[in-house]
């Protein structure tokens, strides 16, 4: 490995230096307190890795405000305490048990490559994802129950519906974690499901009473 | 699940609406192109979930620029094609094979609760993390090889050293992925290891020639 | 001073711009009338500076509705026309004589750091507050008569009782202002004493007939 | 006093009940944590009591984010440790020493009745404010140095200029507090001066390099 790590591209070095001379310097006192006293985020956000989703901009985030986990298609697996390493489950556990966040927000988005991949895979259009060696395929399998619900409903736009299912499946799976359920039952935390439309910049919210997504 | 999802706190709704009326509206054309044509990020960043780490601010991120995976302590597991769902491996695979990013950046940081937890666990101070049911403990086990190297060196500040090891272990594990090694060998991608000091706003970079971190 | 003023943190600039593009723009006509014709608030609220007390949210405030003075522990001093500058007395005078508000509301709250400080000081646990140079101590001295009444009653929870006394002492001191008494006697204004419980979101109201606070 | 406290107007009771059933209930977990763990505001804002200035809306405030002191014309007196009760000095002291806020923001505004009163008084048009018994007059005297600077400059719009002076005089007086100066010298805090135009919703920022206010 050692021969491989390379210097950061200079345009990123330049931007970092600019950030340090401005934003950091102007807010040094707060950064120092955050470092000394630790973080106390109010919310955890589970979002997609997609480069077009800027969680912190959209919600005017202050430093220290959101604990953010990002993975492909903002998926949460079911509770599986088998001793294996589960990055998403660990992040959820840490947020609920250690940070005791007040809100757990699952944020999906439009034109999600992961969701499109899942749809292609489940409809037999992406054999490469079905190979045992495909990490992406194995990961997107978490969304297969959503795919099955979508095909039952047979909507006009199945991929958009599957993006919504990616949020719902994650909310459902979150409920299989005993400490999540407990935090909800004790009113220590609330769950939220959102889907962001990149093209129009819209945000729709899952309403569990109607089982529908409504634009905010 | 259905009875549990709640409306977004109104201060976040207000901030989102403000973002839509300003940042989104001012950049609508670009967002629409990003939605139509898909993302084409230049880099993947693997960072921690910590609320104090604002990757996009520090690097002046443009929408569509960084494919960002965030997990506890910015860890990457070894290549393990066992058909199980591995969120981090899936994100790395997707970034390298589908998005063909030019840079793979691992970004660690100071006062990392995950790294502190790993140090406590490995030194026998955190039995709760050693329980088979602890997702956080199982995840932080990925960093155990780093802990062993740190204890061998027995440095003045072992936790800070372990934060650096969290970056190095991830870089090493990335090299166990055939498609990562291939991309590096073909000069299609470069690897980068960084550690961010929250308090001072500093950024140090791993230099594989000297096997040391140097402040930028 | 001149070398010291700094630019506003960018997350606040962003939120402000968002507010201007939405809330302001949607209500421009009303803001312009408020600017042209001046304010005509129905009530004055005297509340604590505490960041957890959102007066305007709790009472669904319209712009122009509440004239709000906030100081530590929502205290009002006695009428002391000595020509010195008294910010609270000036605010009360302006509200009653110039704005002729119809309601004067004193709003206390739970876990008030000021009230806790007063309790510590009066019980000899906070010598630093008793120093002549402590502005906080001198200010909290206004609440000493309340502390004495509480110690006489010797209740189970003296600090909560002192939070209630902070409201009562302020109401009593308001009565020492001739123009306040006159406005009350002429039925031009009514007085109200409230205590807000942050944890449970409750609001209790002072009933002068029973000399007790009753939850609304 | 006892015969005077009255029940809260029912429209406010109604709004409070609505707030409790919605905003409070949806955010109960966070309110409980704020109550348990105390506040940790990032900034102190010194604003006017004026009913048209909604600090929390304009900055999309989360509960627990801003420690807010409001008095007539957002004035800060000079450091005067004479043992008398000084509400503004106490609030500043508490914010800097106890809460250790990272930012101290003075927020002025247009069509400020206090500033207009000061201008009238200083130009001999408001004898009632010059009477020794006028709390408002005595308080607005804090702004007299600003009035003198404005008359020297003799600008087209002296009252607007005096609104800006109300911010600058407060920033200058803040610098007379040893603990404020110390916090600034130690980079533990930054100062910010703003003036809000109610009619147009604009926000202008004091730039100490140029000694001017620039619209954000």
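Read from first to last, the chains carry the letters A, B, C and D; within each, the first residue is number 1.
Here, contacts are C-beta pairs under 8 Å (C-beta built on N, C-alpha and C of every residue); 3 or more make two chains touch, one makes a residue touch a chain.
Listed by chain with UniProt protein names: A, B, C, D = Carbonic anhydrase.
Keep in mind it's a predicted model, so treat the numbers as computed, not measured.
Compared on C-beta pairs in contact, A-D and B-D come out with A-D as the pair having more.
If you average the Cα atoms of chain B (Carbonic anhydrase) and of chain C (Carbonic anhydrase), the two centres end up 46 Å apart. Centre-to-centre spacing of chain A (Carbonic anhydrase) and chain B (Carbonic anhydrase) amounts to 13 Å, using the average Cα coordinate of each chain. Rounded to a whole number, the gap between the C-alpha centres of chain B (Carbonic anhydrase) and chain D (Carbonic anhydrase) is 41 angstrom. Of all residues in chain C (Carbonic anhydrase), those that touch two or more other chains are 6-7, 9, 14-15, 17-19, 23, 25, 57.
Taken pairwise by the contact criterion, the protein chains are fully connected, each one touching every other. For chain C (Carbonic anhydrase) in complex with chain B (Carbonic anhydrase), the residues that touch the partner chain are 14-15, 17-19, 21-23, 25, 57. On the side of chain D (Carbonic anhydrase), the complex with chain C (Carbonic anhydrase) involves touching residues 1-9, 12-13, 15-20, 23-25, 28, 31-32, 34-36, 38-39, 41, 44, 49-52, 54, 56-61, 63-72, 75, 77, 81, 83-95, 97-98, 103, 105, 110-111, 113-114, 132-136, 138-142, 168, 171-172, 174-175, 184, 190-194, 197-199, 201-203, 205-209, 211, 216. Contact residues of chain A (Carbonic anhydrase) toward chain D (Carbonic anhydrase) in the complex are 26-30, 32-33, 37, 40, 42, 60, 62, 65, 100, 102-103, 183, 187-190.
Note for the complex: chain A (Carbonic anhydrase) touches chain C (Carbonic anhydrase) at residues 23, 26-27, 57, 60-63.
The part of chain B (Carbonic anhydrase) that touches chain D (Carbonic anhydrase) in the complex is made up of residues 6-7, 9-11, 14-15, 18.
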